[in-house]
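Data first, discussion second: the structure below is written as structure tokens.
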Amino acid sequence: MSEEFKRTLKRFFTNPSALIGVTILIFFIIIAIFAPWIAPPKIPVNKNLEKARNLLENYSEENKYLIINELKNFWDDTYFFAEDDYIELSNLMETIAKFHNKEVSSNELKAHIKELTDYYILNITYYEKFDEETNKVIKNLKKEYNKIEKKYKESVISLNLINELEKIDGEEFVKQAIKVVSRFDKNFHEAIGFNPYIMPNVTTTRTPIPPSKEHPFGIVNQKDIFYGVIWGTRTAFEIGLVVVAISTVIGLFIGSVAAYFGGWLEEVLMRITDIFMSIPFMLAAMVLTTILGLGIKNMMIALIVFGWMVTARLIRGNILQAKNEQYVMAAKALGVSDFFIIVKHILPNTIFPVLINATMRIGSMVITAAALSFLGLGAPQGYADWGSILSYSRDWIIGGTNPTQYWFTILYPGIAMILFVIGWNLLGDALRDVFDPRMRH
Amino acid sequence: MKKFVFILLVGLLSVFAFSQVKNPDMIFDATLSEPDTLDPHHAYDTASGEVIFNVYDNLIAYDGGSMTDFIPMLSTVVPSVENGYLRDDGTTYVFPIRKGVKFHNGNDLTPEDVEYTFERGILYDPAAGPMWMLIEPIFGAFTVRDLVEEYVGASWDKIFDSKMNPTSKEYETALVNFYYDVIDPAIEVVGDEVHIHLVRPYAPFLNIICNGGGWGAIIDKEYSIQIGLWDGKAEGWWKYHGWTKEQSPLFDHAMGTGPYKLVEWDHAQQRIVLERFDGYWKGPAAIKTVVIQGIDEWSTRRAMLEKGDADIIAAPVQYLDVLKSMQGVTVIEGLPTVQITSLGFNWEIKPESPYIGSGQLDGNGIPTDFFEDENVRLGFAYAFDYEGMIDEILNGLGIHVPTALPEGFLGFDASLPKYTLDLEKAENYFRRAYRGRLWQQGFKMDVLYNIGNEERRVAAEILRDNLAKINPKFQVEVRGVQWPTYLDARENMILPVYIIGWLADFPDPHNFIFTYYHSQGDYGHYYGTKFVEFATLPRPEFGGKSLNKMIEDASLETDPYKREQMYVDIQKFVIDYALTLPLYQPLAIRVHRDWLKGYVYNPIWPGDYYYLYSK
Amino acid sequence: MLNNNEKPLLKVENLHVHFKTEDGIIKAVNGVSFELYPGETLAIVGESGSGKTVTALSTIRLLDENGWIEEGKIQYKDNDVLSLSDNQLRKIRGKEISMIFQEPMTALNPVFTIGDQIIESLELHLDMNKQEARRKAIDLLRKVGIPEPERRIDQYPHELSGGMRQRAMIAMALSCNPSILIADEPTTALDVTIQAQILELMKDLQKEFQMSIIFITHDLGVVAEMADRAIVMYGGEVVEAADIITIFKKPRHPYTWGLMNSIPRIDKDEERLLSIPGVVPNPLNFPKGCKFSNRCFFADEKCVEENPNLEEIEENHFSRCWHIDRMLREMHKVKEGER
Amino acid sequence: MTTYIIRRLLLLPLIILGVTLIVFSMSQLLGPLKLLSTYVDPNTYAKMSERDIQILMKQYGLTDPFPVRYGKWVKNLLKGDLGWSVVGKEPVLDALIHRFPYTIELALYALFPIIGVGIWLGVTAAVHHNSFIDQFIRIFALIGWSLPDFVWAILVLLIFYIGLGWFPPGNLSIWANQIVKSASFKNYTHLLTIDALLNGRIDIFWDALRHIIGPVIAISWLWWANLLRITRSSMLEVLRKDYVRTARSKGLPEKVVINKHARKNALIPVVTTAGQMVIGLLTGVVIVEMVFVRTGLGSFAATAAQQLDYASIMGVLLFTSLLLIIGNLIIDISYAIIDPRIRLG
């Protein structure tokens, strides 16, 4: 087996299409991994912290208090209510404790909560829902208290840090201040939870702008194509891998259950497969995406729902063949459980055709997803996705003053997409060659 | 062999390259959408209206591009108090019917046709149709159902079973009498005249019946009965009431007196073909054939215009530069429109809404009553870049308006304060909201737009970007959804804000002010019950009247000057409270080939009036 | 029968055939020489992988696309086969030298009737028109013992039984009256009874058509039945060559001897059969010396180091072994099971 | 074989029922309000009152529970009534009948070059296995296979219409359309080019052809890629078969060996693919029809899906599923005709 494996590996790595395919895919994987460095997202910054940082760069003694002032402003904007809230909630916790000891009536507790909701410390729903779900509300209040407590502690630490800064000067101050700013920056970023997959608008004009130093692939629909192509790599991998992986697993499950158990179960499962297969894939995916509501996730669901049948049939055929082979018979005779037989003995011997099929489907799934995006049914507007960028280009490439004016809108995402699909197809091709029994002498 | 194929190919291609035919006797209009229905009493959209406008005539019409001056059409006179055809303190309109007018099938136009037309429309009154515009002035109700229920004294569902048969003999008699007592007397034939009696004076009435979009179109009684419309009898009129649009035989048939007759409606190709009516009473049109085809793809429309295959195309403003650089194409920019694009707030979002994050003021969502806080609304108002939107996105094709009342309407006052992009002001309002907590916590919400409407998407993105500039913790996600989803979300009150347009039904301020600011208005209705409280609260600004009352009174006011003043007062009030953000009043562009002559624009027309054109 | 004075019909000299595979170049045939005389039947005997089929295919240059004749000379009558143009070669294939194959099912094209496939040859080589060819084809089918040839001629291969298919295949091969018939294990895929019939048929036809046969097989029983002379191949080389009686009576190579002892025979009352241990070595990885050395009972270091030459040990008897004497000495010990 | 076909025929209604059930249940994921909004013009819908909504919901039967709605739909289906197509503005059945000829004509025209060239390239590649030609054809196939159809379709439109002005979008030129729609033009088959010839209108024939070539080019490359890959590998497999060697051993010229003996065998699996392709073309032209503004089934389905026009969606899916099922049946039968081994089996 290991000899066989070595030979297979050797065969794989001497296959030129495998090498090219793997190279292309590695290239894309690197891009996907290093996307945040290749095309850094514009994470929003806090004005106070930004000012403080600028001042620190040109540090002078006079600036010190300006810097501390900015930091204090930041603290104010972030933690102004932390202490009050903490005290208020601590009080409330006491009331709750008393309520548990029956020292306080539920109406009194409710009144206490109302007080807090009036001051927007708590959401009004705590008061409104109090009567219906008292226990749940109290549980949630405790969670709320924990949250506030955490925030309060952070606020104290932060304030101490600022106060410490006031005591030091010179080099030491700059060093410490930079640390404090970074810490605050981190807290701030955690608080806002930034999504880098949304391509920011980089211009105000809607006409595409040709490539420039700043935007090497140009701009279409106010979005930087370079940013979209780079981050779109992640989207492409996500769509291709997730859809194919899940649909393959579903197909494997249905196919192997049908084949192994046979009988009416097989009949039912295979007829269901037939039914799903009778619905044209593209149309079905289109319809289900629209029904579920647009967006990457829903599109992927639709592709999965109508994408498992080929695997199911393939694996069923393979298993039916393998089922009668000796080693399976032997295992069965030894009383090994059915599930174990499928997983341990049959799947490893039938999985290669399925894997090859899956590899080949990754590329076509990405194309289908792009086609759905093109029809306006896939990725949401502004999401970093090759299909969407291509769909932006559609009106411009033919709609422009002359046909070649907006070449860049279609060229870069188009090339990325074609290369990506070619990569997977080459890989699939090579795998098929390598595992093709006819190639073994 | 190969050589032969090559020669053959070259030969074929040269044939293709030179076989273009120009059509001096035809106009090809490449539009965006296909008509909804050609039944004049059901059509409520401009695409349908455009066809009806060219196939039918109304009693009166707008004089060219004017929205206030009328000219006689099938009526020989435009009724007014001065000429004596508007009588009974403005409640009886008298229309002398023109003689010698023929329908496309050769039938003569008679006053009975006119009476039948109006009565049929009112009795038909389909759901989501335009007939409320006639029923309101004539009967003082919005639907014929309301009239029936009031007259019979029972609810509609009680009167009729599921197959639209009266549930009892008494109801049936009452229904027959309803026609004789209510409908019939309202529209009468007196000699060669048709008299229409209103329940009370109503200023925009002539605007309504002169609109070319359908509800004023005159149809042929004989033809209509023949194809299965209301038979003109009191008995059983209800069987002809409220069909769905595809049930109406007029859905894809038309028989009017207009300059063009309908030749065919090819649904597969979204194509309408009109042909000149040679017996038109004003004399035949110059162009023999008009083809109106819906072509969804912009690139195709553009290409057809460039090749001269299309004479007129619908063009999104974003391609203005491209269009202007084209040879042989006329581009007219900045045509006024009678619509407003606005952003409305939902004061009471349903808690199950998926668009409000956690639904709480915890930085991960917004509370359901977020927009009840006027500081929040005002913060939003100053966070939108109105000028930038118009200049950059709309290529200057928009007007920055103070409220949701378009320029050119009674009560429009350019001197009213307008919201502008002012991030500091916005910050101040936001800092005030929720006692400063909003500023600290931030918020997260989704702003939806309907896919395909790029202007709305960009508007939402501008708002998003500016809010993030004010405070990065203010996070808006812009989400495109399909129109049905969008409307559904609005209907279910789960949209936090909605960007939406309103196109005037008739050129009167009531059509906008009521829609937007009355708590029962088509849009005001969606601000939620908290807004009802707000709108019914007596206001010192209005001398103790509530906003609702003020709007109602303004619509009934007959003195134009007083009326204008009332509308200005209302607008001042709604600006202070930021009830809705009027993003812009769009300006239209018009694109056609140079060889098209005689173009006239009227913002209230549903589309082109091909009778005026020549080539 | 053997007549050295007569001119050989086919003469193969020092044939080397190589194949290119992913794992490297396989030297399938290494310096095989033999001659075929008119009217005789030459058997090429060996296990699968010994190069016997490749040798036969090489005579009409019918190798797969990854194989080529590296070296050697093939002479058919007066033609140097290796230097013939494709066109000239095609005139020999099928007409002068024809072949029948092991699997009659796969060797016949499933989508054409057997008639089509026979007529095709006739039309091509004998310039017959359709009717003539058809008549001749029916004749041929009758000759090879297919009943109701008028009906069978229009049947597809899958509608015939295995034996019938092989008969049809033979009819096809004989259609142009060839001088040489190469039969590549023609009976391996058939039942024993059918085997005998087919062999009988071939013998009869050989007489009738006056042709030479190269009979490729691993089955010594068949060899005994059919052949006048045999060459035994192992690892792409001839290890022993002689007339049939000599081969059977006096095998002078351990491999041949091993093969002899692995046939069950009715005439000898022996308790057990010998079988040759091990398998044919991987052609990529032949032993350095004698290719049989790793399986040979008599091998020593010399065998492992150095490959013996094919020597003529007596007249017209060739063998490739260092230890013929030792083999003769120790044969009986091996038989008695001292291994 | 016969029993197999009978079995398939018996399963047919079951599968169709399953298809409708799946498609119809997807509509359950939409609320009645969303379904309603498809029946009304969008701008009108924005102006609708609460009461209008109630009335329309009742009129369109959207308030009924799922089984009732499905039952009604099936009942109507058996009467041949597929409902009203909002997108098509006509009954769904009419909409399908009116649009189908356009798609089928496109598919037919695309079929000849696709199958002809695809098989030719595949055979050529296999015969010249591993040579320069083979590599070239493989790269050609690989790119075609990896090319997103919408990108390619746009490029074709760009080159051949905008650039060269040869192949305009749409079904017909306007002048030609006027003639086709006139009473004097008889529609025998509803396929424009054929009807034009039958009516003796060469000019209309050219015009229709001109409109169809662009989409055909746009489709071809992708399907070539598919077909030639299968042909190539099938041919490669066949070329290794014994009977090819037999044919060579008979002295047949290489041309005869390949074109007669090898190709006929190699084409048997290709027939299945080609058959599936015909069906695939009927449903797979969505993008091309959209880009080239052809009013066929594909663009109809896409618009219906975009606008959530459920009656049309159901109609199209049902119709195409039927095509798919029956088509596959025909493929199986023709497979049996081509391959003599199956005929009696």
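Remarks
Labels A, B, C and D are assigned to the chains in the order they are written; within every chain, residues are numbered from 1.
We take it that contacts are C-beta pairs under 8 Å (C-beta built on N, C-alpha and C of every residue); 3 or more make two chains touch, one makes a residue touch a chain.
Note that this is a predicted model, so its numbers are computed, not measured.
Distance from each chain's C-alpha mean to the overall C-alpha mean is smallest for D. A count of contacting C-beta pairs for A-B and for B-D identifies B-D as the more extensively joined pair. As a whole-number value, the distance joining the C-alpha centres of subunit A and subunit C reads 66 Å. In whole angstrom, the spacing between the mean C-alpha positions of subunit B and subunit C is 92.
Subunit D has its Cα centroid 39 Å from the Cα centroid of subunit B.
Counting partners per residue, subunit D has 30, 157, 162, 240, 290, 306, 308 as the residues that reach two or more other chains.
For subunit A, the set of residues touching two or more other chains reads 290, 376, 394, 397-398. Within subunit B, the positions touching two or more other chains are listed as 299, 303, 482, 485. The residues of subunit B lying in touch with subunit A in their complex are 298-299, 302-303, 318-319, 321-322, 325-326, 351, 359-363, 367, 369, 388, 392-393, 434-437, 439-440, 442, 451-452, 454, 457-458, 461, 465, 468, 472-473, 475, 477-482, 485. Subunit A contributes residues 44-46, 77-81, 119-121, 123-125, 188, 191-193, 195, 198, 200-201, 204-207, 222, 290, 293-295, 376, 380-382, 394-395, 397-401 to its touches with subunit B in the complex. Contact residues of subunit D toward subunit A in the complex are 11, 14-16, 18-19, 22-23, 26-27, 29-30, 142-143, 145-151, 154-155, 157-158, 162-163, 237, 240, 283-284, 286-287, 290, 301-302, 305-306, 308, 313, 316-317, 320-321, 324-325.
Interface residues of subunit D, counted against subunit B in their complex, comprise 30-31, 33-35, 37-53, 55-56, 59-60, 84, 88-91, 94-95, 98-99, 102, 157, 161-162, 164-171, 173-175, 177-178, 181, 203, 206-207, 210, 290-291, 293, 295, 303, 306-308. Looking at the complex, you find that subunit A touches subunit D at residues 271-272, 274-280, 282-284, 286-288, 290-292, 363, 367, 370-371, 374-377, 387, 390-391, 393-394, 397-398, 403, 410, 414, 417-418, 421-422, 425-426, 429, 438.
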